[in-house]
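Which chain is which? They are A, B, C and D, in the order written, and residues in each are numbered from 1.
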């Protein structure tokens, strides 16, 4: 495999692992939402994310060229081989934190997918085109909920502000750049994430202002997810559930 | 009375009763109870399947299960809406559920213990539900009947997917087949209990039949389910879960054993394997979500007030 | 394997799975107890239970005679092959429920181990002799805590009564009897569990009375654990953690 | 003053200071802070290891880990008791921890991400702690010194067990070896940061050394740890985690790279990978346990009152 292919594989794993892990987290809500409409909406969000995962990891497996499937990549890698940003693996917390995490991710995806639709890699462009429609809907919905809860009661405002304090240090990692990103940018496959920050900040500033929430001043950013160097302790526990059947009964048809 | 006679005439002539039509209080009460229980069943029914969403073995299976659970929550919405046409709010029905004063289908008080159970729930449980719901498409109350028509379409899709999932298990490795057998063994009797007590023990059935709130008797529906399901079990190559199952040439139906009705009544009373956990989960979801509902409501009111002020 | 051996194996699995699963549950408290002394005590309880598991499952593996180890039995069976009573697999709940579950189990073990010390099977007798010392300490400690919390504040009393309502329907299964128990009794290996109920009831009645708790009137008993027919949904989740490494990396030395 | 001179004479002559002896306020304060932080570290240190107790791969490993964590909680108790001899209650120290006004060892703000990390924590983290604690056995305050002597014995046992655990990983399958390498790579710099900033940047060290609260400088201890650990890494057949590690014939010590001290100060400030989760876990344990502490206290008072009444 040429160096470019290794970088492309990393890039695709980052995309697919983000949606896989966040989709898993969102699916944990099933049957436990504050209101029936939210059970439906969260299941729908999880479903879209898993659908995007099938595309990203399917292409990743193809690029890898070792005869593996998207399922192999999803269910047979251990934590340190995952490339999702830490934000996506954080525990759900309360409903507000889940929706705020969703919004912070949706906003990133909405900016990124817009650019990826112009990718020089046709498959990437096609996946992004399909995902971007879903993402546009997700970000609208999560933004509305964040505004509603931020600018709701005193309690809902307090909870959302606390959620923002907790999640904020995990936002920066989405915009980290390394040699893989440089290679993707050079090949016209994907933009350098750092170049997306301005548009992202404009988008979330507007929504968080409408939500009457204060963006924390702290600039510290946790990292280690998208490189795999240091995930949180939470990811390992998530995988024990997610990968259970494939680990316990290897090689089955399901 | 005149009203009562007219009402019954409509029913006898298969003219649907609509929300604004006059109806006997008992008809309204019975319908609210039945639709409410049905709605609650859809909502609580998310839990046994949700129990395996985080462990679904492939991306495809996870997506299918998510879509199914999403549909079920949607069915809950249709049915609560249909009940609302009779003047009973969703919040009130939910309150009665949480206080243990309304029921949901007894089947959801059984646990899902292996992946084949998820297939079996789709195939047997949704299968049994469909037998009941197909009959209810002809129910006399218009909104209920129309909800059933929509729901049945999605449910048959689920039942097919469930059968496909358990097929993969039954035709898979010995370990997988063992899980499929276990699922059928554990869920068979609970599934045939879903149609309720035997006709002999079924209270209020006559009036419900006359009002076409019920369209077929419990035993008729149960027989129909058994007849359609036994060949499917055989196709899967699994052992029949009841030694009493036998084709009766004379009746043109399968004979089968009575379930343990004392177990059924225990479950109804709240003593099933999962009653306590299921209700606790639902109540916790509701209580933990209070601040969310309050927050969104407060925001909506602020927005409305701002709009009025701006006008 | 003769029929007797199959029954003996079942009996040993029931013993070992009880201590394994309860030991696992107790170990979940690590670092999260209400007070440091309880962190120590709970870790100690879990440690004793795991030690007993090594003996019971070690002997079970020997009786099974398929060349397996206690670890193979602990980490490579799926839920339906576990034979622990449902009581032991229930989620911890709050500290009070954990201690009450412990007491209800310790009381049973204290009665049972006393009898098993007289077992016609020397290995069983030896394991019971060792375990009974630990169990005597456990039951004293858990009884004291149940009394302290039951007869403490209004809140602690309420929580303990709620815990008792929740746990009570799981007590009966410990005294269920089947053909395995009949075979064990006939061979003088173990008493029929039903024969232990009177002594058990006397023991717990005294403690629960001191704790000012009311024993629920309901006589319904959940069952399905000790036969493996129908565990709770909780056991499967417990196993995803407990068996993770052995499932993900089969055949390793640890 | 006279008292101060006598106090310093005792210290210079290696006579232990005991709780009732006169001591300067700063000596007391510094000791309380140091012992408190040490106690907190033992308590918080349960969490990263507890993270793998439920996933320990064998019964034996699970038992070893449980015993270790139990010991650590015990060390916390010794140290809080030692601090209490200076008039500071455990509750007060815990309050300061929970309010973020007292620290614990920065190492526990790093995650345990694979099973080899558990071995590495025993070997590297307890190993580093021991280097520090062996020196502190000679500390001037009697109760602290005696606590250190007890603790050191158990810690060396843990360090050996940890090394044995990571040996199995390093000498195991390629996957296991990869995990061992990852553990060493991730934990090396955090471990050598455990000795605190370089002597040049270490505030208040001179006074602590004069009082024999500190017995060796941070850099001396760090060098000692590096010297004992590098050969162990080599024995495991793992790559050295720092390209700068090299035997310096002249010094008779290993040279090694400075850790990224900005990371250290970030972690101290609360920005480490796990600071928020660790403190949240501890505060939740304390808050959730309030009813338990209150209940047991109320019962003890009732019993005491009943005893008085009976007399």
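Assume contacts are C-beta pairs under 8 Å (C-beta built on N, C-alpha and C of every residue); 3 or more make two chains touch, one makes a residue touch a chain.
Bear in mind that the values here come from a model prediction, so they are computed numbers and not experimental data.
Visitor: Looking at A-D and C-D, which one has the bigger number of contacting C-beta pairs?
Guide: C-D
Visitor: Which integer distance in Å separates the CA centroid of subunit B from that of subunit D?
Guide: Comparing mean C-alpha positions, subunit D is 57 Å from subunit B.
Visitor: Per the centroid of Cα atoms for each chain, what is the distance between subunit A and subunit B, given in Å?
Guide: That pair's centroid distance is 35 Å.
Visitor: Quick one: which residues in subunit A touch 2 or more of the other chains?
Guide: 78, 240-241, 244
Visitor: Touching at least two other chains at once: which residues of subunit B meet that condition?
Guide: 55
Visitor: Graph of touching chains, which shape: line, ring, star, complete, other?
Guide: Drawn as a graph, the chains match no named shape, so other.
Visitor: Touching residues of subunit B toward subunit A in the complex: what are they?
Guide: 43-44, 46-47, 49-50, 53-63, 66-67, 69-70, 73-74, 76-77, 80, 90, 115, 165, 168, 172-173, 175-176, 281-282, 284-286, 288-300, 302
Visitor: List the residues on subunit A that touch subunit C in their complex, please.
Guide: 78, 237, 240-241, 243-244, 247-248
Visitor: In the complex formed with subunit A, which residues of subunit D make contact?
Guide: Contact set of subunit D toward subunit A: 48, 51, 55, 111-114, 179, 182, 186, 266, 271, 273-274, 276-277.
Visitor: Can you list the subunit C residues touching subunit B in their complex?
Guide: 78-80, 166, 169, 218, 220, 222, 224, 229-233, 236, 240
Visitor: Using the touch definition up top, name the residues of subunit C that touch subunit D in the complex.
Guide: That would be residues 20, 24, 27-28, 30-40, 43-44, 46-47, 50-51, 53-54, 57, 70-71, 74-75, 94-96, 145, 147-149, 151-153, 155-157, 159, 241-242, 244-246, 249, 252-254 of subunit C.
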